[in-house]
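Two complexes are shown next, each including chain A; its partner changes from chain B in the first to chain C in the second.
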Partner chain A sequence: MAPWLANGLIYASALALTAGGITLLYITTRTFNFAHASMATVGFYVVYSFIIFIGGSPYRYFPFAFLFGALLGVICYYGLNRPLLKRQASEITLMMSTLGYDLILLSLIQMYCDFLTSNYKLFPRRVNMNMYDLELFGINAATIILPLMAIICLSALHLFLGKTKFGVAMKATIENPVLAGASGINSDRVYMVAWLIGGGMASLGGAAMAMAQTGTPVMGMNSIPFMFAGAILGGLHSLYGGILGGFMVGLAEYAGVFLLSQKFGPWILGYRMGIPLLLMAITLLIFPRGLAGIPWADLFGRLTGKKRGVQA
Partner chain B sequence: MSDDKQIVSRLKGFLLRREVIITAVIVALLTFLLITRGVPMILTIFIDFAIFAIVTLSLNLEVGYTGISQFGRVLAVMAGAFGAGAIPGRVMAAIMGLPWGASYAEATVNFKLVPQLTAVLEKSWFLSIVFLIFCLLVAALCGAGIGWLTSRPAIRLKEAYLGISLLAFGDLLMWIGHNWEPLVGATTSVYIPDPFRFVPGNRFQVVVITVFVIAFLIYFFINTLTHSPFGRTLKMVRDNEISAAAAGKDVVKIRTRSLMIGSAIAAIGGALYVIYTGAATAIGFTRLTWTFWPWAFMMLGGIGSNLGVLLGVFLLTILRSMITIFRFQVFGFLIQWGIDPTWLEFTLMGAVIIVVVLFLPHGLVPEKVEPVLPADRVQKVITNMSSRGRFLT
Partner chain C sequence: MSKKLWYALAAVFVVTLSLLIIGCGKGGDGGEEAGEEAAGELTGEYTIVALVPLTGSLGTYGENSKEAALLAAQDINAWLAEQGRKWTLKVVPEDTQTEPAVALRKMQNWFGDGVRFFSGPQASGEASECLNIANSNQILFISQSSTSPTLAIADDWLFRFCTDDSIQGPAIAAVAAAAGVKHLIFAWQGDTWGDGLQGAAAAKAEELGIEVYPKELRFDPMLEDFTKEVGLLDGYVTDLLEQGATLEEIGFCIITYEQVVPFMIAASEYPQLREIAWIGSDGTVKSAAMLANDTVARFAADTRFISAMNRPEAASRKEHVTKHIQETLGREPDAYAYNNYDIIWALALAIDEVGYDPVKVKEILPRVADEWTKENGASGHVVLNEFGDRAFADYDFWLINDNLEWEYVGYYDSRADIINWERQVY
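Presenting the complex of A and B:
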C-alpha cells in the first residue's frame, strides 16, 4: 500500500473518532469541547508510558487510553460543564470553560514530559510510535488494526445507541431534551455518559493519531482545527455525520497533499492544513447543515426516478 | 456637622469610584515590584502590559461591545506584524536602491540589509519617527483589510461556528507565513529596521514610553468610541440584532465597521510587538498567546468594560512575571523533579478562565449598565408624551 494511503487511513480513523466525540458532546450538551485537543494528547501519552514502562505492542494499551480519557471527560462534566449547564450558560461560555480545562491539561502534559525527560532520560517530546509497531502481512499493523478498531468502536457505539435502553434514552435526549425529561429520562446521567464516551473517543483518537504523526505534547493542540473541521463537515447535528466528516477530512488531507505535490512539487506540503480548512469553508458556505443535512434519499430518488420520502 | 458628613460622604464616593480603586491597585503593585525587583522588571511588565492591553481592548470592542465571537484575534495581530515586517523595510530599501523584491526576506540578504537601514534611521530622528508612523499605518491598513475579510463570514455564521472558523483561519495564516518565504522569511525571521536607535542611551526605555503612550491613546480612543452614539449602536446590535434592525440600523454595516476598527487596532499591537522585538517570526504568532490569552485577560477583567480589561491585563501580566521571578523560591519542589515551572503559566491561565467562568461570570469590573438618558429626563419625556395624549399611563 502507498505510504500516503496507509498514513492517511490511520489519520482519518483517528479524526473520525475525535470528530465523532466532538459532535456527540455538541449535540448533547451544546459544548464545543476544546479540551478534546489535550484529551487526545493524554491518550497518546498513556499508551507511550505503558510501552516504556511495561513494554509490548501499543494496541494492548488502547483500552487504558480510553479509560483515562473517559475519566478526564467525567471530571470535566462534574467540575465544569454541569454547573454551567444548570445556569444555562451561552455556547461561548461553555466553549471558554473547556478551553480553561484544556490549558490546565496541556500544562500537566508538559510537566509530565519534563518529568520523564529528566528522571528517566527519555525523549517524550518527539516520539515516533511506528517504532513500536508490529508487522502484519508485510505492512505496518497500524494500517489494518486502527481503521478496524475505529469501525468496531463506532459500531459498538451504534449498537449502544440503538439497542440498549440507556442508548435509546440518550438518543431521545439528543432529539428533544424537554420531552425526554418529561418522560422521565435523567438528562444528568445522559450528559455524564456523553462526556464519558466523548472523552474516551478523544483519547483513543489521540492514541491512534500518534501512529501516523510524530507524537508531541502539542499534537492535539495542532490538530484541533481539523477535528472541528470534521465535525462541521458532518453538520454537527448528527453523530454519524461527524464520524464520516472526520474520516473524509483526514483522508482528503493526505490524498490532496499527495496528488498536489505530484503535480506542483514538494513545496505544497507546507500548506497541507489548507485542504481541510477549505473543505470546512465550502461546507459552511454551500451546505451549512453539513453532510448529514444533504437530502441523500431525495437526491438518489431523483437519479433513479423513484420517489422516496415525503416531499415538502 | 452636616457639612462634615457631606464632605466625608463625597470623599467616600470619590474613593470608592472604580477608576480610583484600580489605579491604587496598579500603583501599589508596581511600587512593590519596583522596591523588590528594580527598574528592568518594571519595564518588561510595562511592555507586555501595553501590547496586550492594545490587543485585548480591541478584542473587547468586538466581543464585549458588538457580540462577535472573535476566536481569531491572532489573525489581525499577525496581519499587523507581517505588514510591519514585510512592507516598510522594503519601501526603504527600494528608496535606497538596495534589493527589495522577493530576496529582501531571504535570511542571508536580510540580515546584512537591515543593519544598513537601521544605520540610516539612527542618524535622523525625523526619518525614524516617519518610519515608525509608516509602520503603524501599514499595520493598521493590513489589519482593517483582515477585519473586512473576517466580517464576510461574520455576517453569515453564528456564535461558535464563527469562532471555530476564525480560529482555523488564524492557524492557516500562520502556516502561510511559516512557509512562504517572501512574506516574512518563512522559518527564519525578517528583521525590522529599528526606529528607536536615534536616542542616545538605553533604547529599551524609549520603546517602553512610546508603546505606553500609544496604548494610552488607544484606550482613550476606544473609551470615547464606546461612549459615543456608535458605541450605543454596537451594544444595541449585541443585545438584540432584530430590534436593532427594526430601529433602522444596518446590522451588517455596523458589525463590519466594528470588526475593521478592532482588527486595525489589534494590528497596531502586533506591529509594536515586532518593532519592539526587532524581528517578525511567523511561528511565534500562536493562537495560544494572541487569541486565548487576550480572552483570559478580558474575561478576568469583565467583558464589555474597558477599565476592567486594563485591570485584567495588568493583574495577569504581573502574575505571569511573578511565576518567572519566584520560580526558584516558591516552586523549587518542581525543579527538584526536573520540571520547568514556566508551564505553570498555562495552569494559571486555565485556572483563571475556569474560576472566572464558574464564580465571576461578569469579571472583576462588571460592565456598567448605562441608561441612554438620565432617569429624570426619561420621566420628563414620559410626562410630555402623556400630556399630549399619545401615551396612556
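Presenting the complex of A and C:
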C-alpha cells in the first residue's frame, strides 16, 4: 500500500473517532466541545508515557488512553458542563467554557513536557510514534489495526445504544430529552456517560492520530478544525454521520490532496486544509443535513430498481 | 446614584489610572527614569526578555538558547556584584512557539510592561513579524539565528549575531557540487527564512551548472506530516531517472527545522530516496531530535545527510556554555545557543555603560559586542556589518555517521568559496 494512503487511513480512522465524540456530546448536551483538541493530545501522551516508562507495543496502552480521556470528560461534565446546563446556559456559553477547559489542559500538557525534558532528558514535544509500531503482513500494523479499531468502537457503540437498557435510555434522551425525563430516565446520568464516552473517544482518536502525524503538545489543536469539519459534514444530529464525516474528511485531506497534487502540481499541497473543508461545504450545499441527511435507502433502492429494470 | 458612590467610583478610577501610569514603562524595578541615569548609577532590577521557541518546530534549539540566556544572566549578575554595581539583570524566557504571531504578541506584552531589550526571536519569520513594532517603538532586539537575507536592513532595530543566508546558500550549492549532483530538487518551508535560503542556494547551484528541478516542494512551516510531499518527491526522482539521470547525479535539499524527522520517516518507505544525496541546512544541523529516532538517524547516515552551520570560532567561554547545557539538558548545544549567550552579555554591558535606554544602547552596541566578544565571546568574535548583522563567518559541515552520531567533516571558507574537508565524504 502506498505510504500516503496508509497514513491517510490511519488519520481518517482517528478523525472518525474524534468527530464521533464531538457529535455525541453535541446531540446529548448541546455542547461543541473545543476541549476535544487537548483531550486528543492527552491520549497521545498517555500512550507515549507508558511506552517510555514500561515499553512494548503502543496498542496495548490504547485502552488507558480511552480511560484517561473518559476521566477528563467526566471532570469536564461535573466541573463545567453540568453547572452551566443547570443554569440553562446558551450554546455559546457552553462552547466557550470548553475552550477554557482546553487551555487548562494545554497548559498541563506543556508542564508535563517540561517535566519529561528536565527530569528524563526526553524530547516529548516532537514524538513520532510510528517508530514504536509493529510490522504486520509487511506493512505498519497501524494501517490495519487502527481502521479495525475504529470499526470495533463504532460497532460497540452501536450495540451499546441499541441493545443495552441504558443505551436505549440514552438514545431516547438524545432523541427527545423532555419525553425521556417524563418517563423517568435519569438524564443527568445519561449526560455524564455521554461525556465519558465522548472524552474517551477523543483521547483514543488522539492516540491513533499520533501514529500518522508527529505528536506535539498542539497536535490536537492543529487538527480540531478537521474534527469539527467531520462532525458537521456528518450532519451534527447523527452519531454515525459524525463518524462517517470524520473518516471522509481525513481521507480527503490525505488521498484527495495527494491525487490532486499529482495531477495539477505541488502547489495544491498548500491548500491541504481547504480541500476537505471545500468537500464539507459542497456536501452541505447539496444536502443541508449533512451525510446523515442523504436518503441512502432511497438512493440504493433507486440503484437496485434500475438494475432490475435493465435485467427485465 | 448617591454622591458617595460617585466619589468612591472617582477614587477607584484615579487610583487605577495612577497604578497604570506607574506600571507602564517599567523594564524592571529600576523604573522608567533608568534611561536618564548615567553609567554606573543604575539601581534595581532590569529585564531582558529572551524570545525563544520552547515549543514548535524549533523547540530543541529554543531550549538550548533559553539555557544559554539564563546562564549569561547568572554570570552577568556575578560580574555586576563583583564590580560593586547596584543593579541586577533579570532574563525572562518567553515561548514563541516558533510562531511569528505569538512572538509578536509576546514582544508587545513585554513592551507594555516597559521592556525595551529582547534577545531573539530565533526564526526569521518571527523576527520579520516583530520588526515593524520594534522600528516604530525603538525596541532593540537581537536574534541569535535569524538568517534571512531579506532582513539585512540598515538602521533598523533588529541586530543579528549570525550571518545571513547569502553565505549559507552558496555553501549548500558547493556541497551539492562536491557530491557530484547534477540535478537538485528543493523542498523548503514557505517562510522568510526558507524562501531566502532556497533562493540563495538555487541561484548559486545554477551558477555551478547544477540543474534545479522545476517543480518546487514549498510547504507550510506548521506541517507535521509529509507523506504527500515525499510521495511527490519520489515521483520527481522517477521522472529524472526516466530523463536519463542516474541516482548518483540526483540531489535533494531540504530546508526546514525539526520537521526533517517526519519527512525522513516518510522517505524511508521509498527505496530509491535512500540512494540520492541529501543536503540539509542550519535548521537541521546537530539536531538531537534526529538522533532520538533510530529510523531517521539510520536514514540520515545512509544518505550522508549533510548540513551546514555557522562556524563558531575558537572562543574562551564556549566550553563554559557547552558544559552548562550538557548538565541541564543532557545534550550538545547548537551554535546559535552560543550566540544567545553573547547577546545577553553585549546587551547587559551596553546597558551598564549608558543605562536602560535603547537609543543609546543601539549606538554603542557594535563596539561593545566587538570589544567583549574578542576576548570573552562564547560564539567567537562578533563584528557587525552596516545592517547590524554578523559580518562574516564560515560554515561547518556536519553529518550523521555510521555510528549514528553527528560528526564534523569539514568547512566552507566563504571568502575563498571552497570546502576544506576534514575527511573524505564523497
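We take it that the second predicted complex is superposed on the first by the 294 of 312 C-alpha atoms of A that agree within 3 Å, B and C clash if a C-alpha of one lies under 4 Å from a C-alpha of the other, contacts with A are read in each partner's own complex, and residues count from 1 in each chain.
Everything below uses one rule, namely that a contact is a pair of C-beta atoms (placed from the backbone, for glycine too) under 8 Å apart; a residue touches a chain by one contact, two chains touch by 3 or more.
Please read these numbers as outputs of a predicted model, since none were measured by experiment.
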**Message:** Using the superposition on chain A, tell me whether chain B and chain C clash or fit.
**Reply:** clash
**Complete:** The answer to whether chain B or chain C touches more of chain A is B
**Request:** Applying the touch criterion given at the start, work out whether A:Y45 contacts chain B, chain C, both or neither, answering first, second, both or neither.
**Result:** neither
**Asked** Who does A:Y59 touch here: chain B (first), chain C (second), both, or neither?
**Response** neither
**Request:** Scan A:Y191 for contacts with chain B and chain C and give back first, second, both or neither.
**Result:** neither
**Message:** On the A-aligned overlay, A:R126 touches which partner chain: chain B = first, chain C = second, or both, or neither?
**Reply:** second
**Asked** In the superposed arrangement, does A:Y77 touch chain B (first), chain C (second), both or neither?
**Response** neither
**Message:** Once chain A of both complexes is superposed, is A:F247 in touch with chain B (first), chain C (second), both, or neither?
**Reply:** neither
**Asked** After lining up the shared chain so the two structures overlap, which partner does A:G270 touch, if you call chain B first and chain C second: first, second, both or neither?
**Response** both
**Prompt:** Does the superposition put A:T117 against chain B (first), chain C (second), both, or neither?
**Reply:** both
**Asked** Does chain B (first) or chain C (second) touch A:W4, or do both, or does neither?
**Response** second
**Request:** Looking only at the overlay on chain A, choose which of 9-17, 45-53, 225-233 or 333-341 in chain C hits chain B.
**Result:** 9-17
**Message:** Shared contact residues on chain A, chain B side and chain C side combined as an intersection?
**Reply:** 110, 117-118, 270
**Fill in**
Touching chain A in the complex, chain B uses residues 69, 153, 156-157, 159-161, 163-165, 167-169, 171-172, 175-176, 178-179, 288, 292, 295-296, 299, 334, 337-340, 343-347, 349-354, 357-358, 361
**Complete:** Within their complex, chain A touches chain C through residues 2-4, 6-8, 11, 110, 113, 117-118, 121, 123, 125-126, 128, 130-131, 212-214, 216-219, 222, 254, 257-258, 261-262, 265-266, 269-270, 272
**Message:** With touch defined as at the start, can you tell me which chain A residues reach chain B in the complex?
**Reply:** 32, 80, 83-84, 89-93, 95-97, 99-108, 110-111, 114-115, 117-119, 221, 225, 228-229, 232, 267, 270-271, 273-274, 277, 280-281, 284-285, 288
**Message:** Could you list, by residue number, the parts of chain C that touch chain A in their complex?
**Reply:** 54-57, 59-60, 63, 97, 190, 215-220, 222-225, 227-232, 235, 258-259, 261-262, 265-266, 269-270, 288-289, 292-296, 328-331
